[in-house]
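Two complexes are shown next, each including subunit A; its partner changes from subunit B in the first to subunit C in the second.
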Partner chain A sequence: MLELKDISKTFKKKGTGLSVQAAKHVSLNIPEQSIVGLVGESGCGKSTLSRMVVGLEKADSGTIALKGKNIDYRNPRDLSHLRKSVQIVFQDPNTTFNPRRTLLASLEEGLVNKGMGKTDRLKKVRDLTDIIGISYANLEKYPHQFSGGQKQRLSIARALLMEPELLVLDEPVSSLDVSVQAQIINLLMDLRKEFGLTYLFISHDLHLVGYVSTLIAVMKSGEIVEQGDAEQILFEPKHSYTKQLFASSPIIH
Partner chain B sequence: MRSMDTIRTIGRLLLRLLATMLLISTIVFLLLRLLPGDPAQVIAGIDANPADVENIRNSLGMNGTIISQYLTWMGNIIHFDFGNSYFSGRPVSTLILERLPVTANLALLAMVFTILTAIPIGVLSAVKRWSIWDAFGLLYSQLGMALPSFWMGILLLLIFSVKLGWFPLFGAQGFNSLILPAISLGLAKSAVLVRITRISMIEELGKPYIEAARAKGLVDRRIQYVHALKNALLPVLTVTGLQLGGLLGGAIIIEQIFSLPGLGRLFLTGIYQRDFAVVQGSVIFMAFLFSGINFLVDLLYALINPKARIS
Partner chain C sequence: MNTNNDIVLKIENLSLKFHTPGGIIPAVEDFSLSLRRGKIHALVGESGSGKSVTVKSVLRLNPETNTEYTSGRIEYIPSEGEPIEILSANESTLRSVRGSKISMIFQEPGRYLNPVMRVRQLLTETMMTHLKVTKQEALEKAKDLIRLVELNDVDRVLASYPHELSGGMKQRVMIAIALSCSPDIILADEPTTALDVTVQAKILALLKKIARELNIAVLLITHDLAVVYESADEVSVMYAGKLMESSTSGSLFKAPQHPYTRVLLGAVPDISRRGQPLLSIKGNIPDSADRPTGCIFSPRCPEARDFCSLSVPAFESLGNNAHGVACLRTRELFRA
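And now, the complex of A and B:
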């Protein structure tokens, strides 16, 4: 589905000469219909990687190929092609909606951009909100009138409206209550079956990643130190950092 | 549900407006009475005969107990009656209404100038941050804030009226004579507003929902002008409202420089002539105007921002 080859990215801090290498020669393959779990502690570069995958950040070097076709980030046509197939759900649903637009306006907008007619748009939004379990009538409300869990459902809906094949989930439940986390994870698992989606699931929670993923990649200071089948990583971790991560995770099965 | 919230918000704002106006009237009332010295004596002169002083005191509404004075005072204000000018003998409210159009037009024109310059410059600065455009925006705002408006006024007069003869030198001779005063009055406001617009726009562009809009596939221009600008204008609106009030104060100086027969001139002349009724009336009127404008701005703010309506 998506293949990252030898991706590097350095952030320079203005005026200080200091720099952080967020990605060092990262290669990662995301096969169709898989759930790739990307784990690592905060600041290891996993969010930067996810932002590069959806085209919000440009890699300094390396290539990203979508279904075998290289994506050139400077080319607007390539970028819009990427955005049709790859969408992202951000960590904090409280800040990712425009506070002064109704949810309907926010959800619809991507479809307007695609040139879809009004009736088709509303039907599509209605169908999807039914699936994610938010009443269509409530979409006239503003973001602050929804709970965090509801907002995260809505941001999943926003991403799915664009009919992506790959959905990048950047810590999709870390900002939610524990009781809501399970609901969102279950919803994601159902949606995957229904739409045949591929997930890149990013989290610092090894337990969670182990539970949902088919493949796991472990990232440490900009490098992927270990990747492979979920079971292999879970039960026979080879790299010492993976073992450390396990040791620091409260629940191990 | 939504309309209930709106009505409640309007009610709350109205109540606040009334409380402010009541407070202003009371303060102005107390000011003249608590200050040392007798205004009637000051007007009449030290060696005036007591009967004259008593007469003046009557005309100022300063006879009887303080309570009855206060009640008369408030009653008069409700009827828009600020007494008569001691010098011209005409009602202060008439004087104010005569002078109001000049000041109102001047303030509005200055506001138009402020908005039309500040928002484009501020937005351009923010969108093209750290570019030559941004440098120009920052320089403009620095200069505008540093140069005092009376100096700007004199400079503009020298260049455009004296040298080039494009605008009249003094007096209210229609729209043309308001342009230079409006620019000198608006420049400092515009300079501040450029900063507010720029920083508010930069903040808005850094918010996660902008990123989300980008991921959704929207083009940058739509994100900048439809999403970010609309939200960034909220603080700009608040500041603009406060500035419109401030323009009234600024008008006092500018009207003097350009010899415009506005409220500011009325007020200043009142002070020079120790015409207490005129001074009191102008102060109250300007304060009411200021509160009224703020009320309208708050109202607008509540109608635009769904969050402000609820809280």
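And now, the complex of A and C:
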């Protein structure tokens, strides 16, 4: 589906002459219908990587190929192609919706931009809100009238309205309560089956990543230190950092 | 050994309400908990469960203007001297307790450390306020405290401003300040939630060491059951302002009794159950203005029967006194 090859990215700190290497020669392959879990601690570069995948950030070097075709970030047509196929859901559902617009307006905006007529738009929104478990009538409300879990469902709905093939989930449940987190994870697993989606699932929580993913990549200081089949990373981790993450993650036996 | 002599804090049947422009909100109802010296007691709950409010009550830190303590008492039993009832104590008594005998650490240490003071000053100031020590004595003690919280390079840390330290180091400094007046109790409000797992593991180990070696009671507030499992001796589970279940950590994880506790545990991802759906709880935490009748958890409870919405379950202990549950179906649902 998507292949990152030898991606590097450096951020310069203004005025200091210092720089941070957020990605160092990262290569990552996301096969069709897989769930690739990207795990690492804060500052390891996992969010920068996700932003590059959706075209919000441009890599300094390396290539990103979508279904075998290299994406040129300077070419608007390529970028538009990327954005049609790849959507992203962010961590904090409280900051992803315009507080002054109703949810319906926020949800249908992407479809308006696509040039879809009103009847089709509303039907599509209605069908999808049914699936994610939010009543269509509630879409006349504003973001602050929804709970965090509901807003995260709506963020997922908004991403899916664009009919992506790859969904980037950047810490999608980190700001939610445990019981709500479970609802969202179960929903994501159901949606994947229903729409045949591919996920890039980013989290700092190794147990969560381990629970959902088919493939896992462990990232530290801008580098992927270990990647492979989920079972293998979970049960026979090779890299010392992966082992350290496991040793530190609290778990109930 | 759990003798009553170990008890350093008793919260008994605490109820409190907030008066807000939108109406009266019952934030905590009939809540009880005891802390023992040398033990970590975890208070677990999701957001809005009232755990932070309860902990703030221990130091009466909730805003006095709109908080009404409608019933209950909070008794602090110092190692020397008479017990103090916090809710009826006067300001000067409270001042002598706050930050010295009962101290507190928070989720985001950066927000609670004065950014224009060096660590040296942050530490000595507390000691000079609460203890009768000279500046020189306070400085010597500050060095010991920095070593106690396992920070290397004592002089550099003491000379640093908070922003020059990492999140984990700031939390260690926070713990050092909390320890500076030899407290009986540390209230720790989500102390590791903002930290990376590798740092979290070290801070939890440090809290355990402090509880054991200095015989301090720690009240650990967290939403993370795995953190509880790794660090706590005793656990209380709170939901929508009420105590659902309380037990020793061993007993709670081995045989959770309350349906809420069971779903919470089932909602934690476990890699040995890959591919299976997680247990989730339908709906959301009740709106404080629109609280369900009967058992507060009944509308979301997978085990609820019609009678669950009719009467409020009492908190009852099960056989042994250490394990207690508030559920109308406790006997039927009992699992050893």
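For the reader, a short list of remarks on this structure follows.
Keep this in mind: the second predicted complex is superposed on the first by the 251 of 253 C-alpha atoms of A that agree within 3 Å, B and C clash if a C-alpha of one lies under 4 Å from a C-alpha of the other, contacts with A are read in each partner's own complex, and residues count from 1 in each chain.
Going forward, a residue touches a chain if its C-beta (ideal position, glycine included) is under 8 Å from a C-beta of that chain, and two chains touch if they have at least 3 such contacts.
Remember, predicted model here, so these are calculated numbers, not experimental data.
When both complexes are superposed on subunit A, subunit B and subunit C end up sitting side by side without clashing.
Of the two partner chains placed around the shared chain by superposition, neither subunit B nor subunit C is touched by A:16. Within the superposed three-chain model, A:155 lies in touch with subunit B and out of touch with subunit C [touch as defined at top]. Once the two complexes are overlaid on the shared chain, A:113 sits against subunit B while remaining clear of subunit C. Looking at the shared chain after the overlay, A:204 reaches subunit C, while subunit B stays out of its contact range. In the superposition on chain A, A:189 makes contact with subunit C only, not with subunit B. Judged by the touch definition given at the top, the superposed model places A:245 against subunit C, while subunit B stays out of reach. Residue by residue along subunit A, subunit B and subunit C are tallied for touches, and C comes out ahead. Contacts of A:181 after superposition on the shared chain: subunit C is touched, whereas subunit B is not. Nearest C-alpha atoms belonging to subunit B and subunit C sit 9 Å apart in the superposition, given in whole angstrom.
Contact residues of subunit A toward subunit B in the complex are 54-56, 80, 83-84, 87-88, 90, 92, 95-100, 109-110, 113-114, 142, 144, 155, 158-159, 162. Of all residues in subunit B, those touching subunit A in their complex are 207-209, 211-219, 222, 227, 230-231, 304-307, 310. Touching subunit A in their complex are the following residues of subunit C: 46-47, 196-198, 200-201, 204, 223-227, 229-231, 253, 263-271, 273-274, 277-282, 284-285. Contact residues on subunit A toward subunit C in their complex (touch as defined above): 41-42, 147, 149-150, 177-183, 185-186, 189, 204-208, 210-212, 230, 234, 244-245, 247-253.
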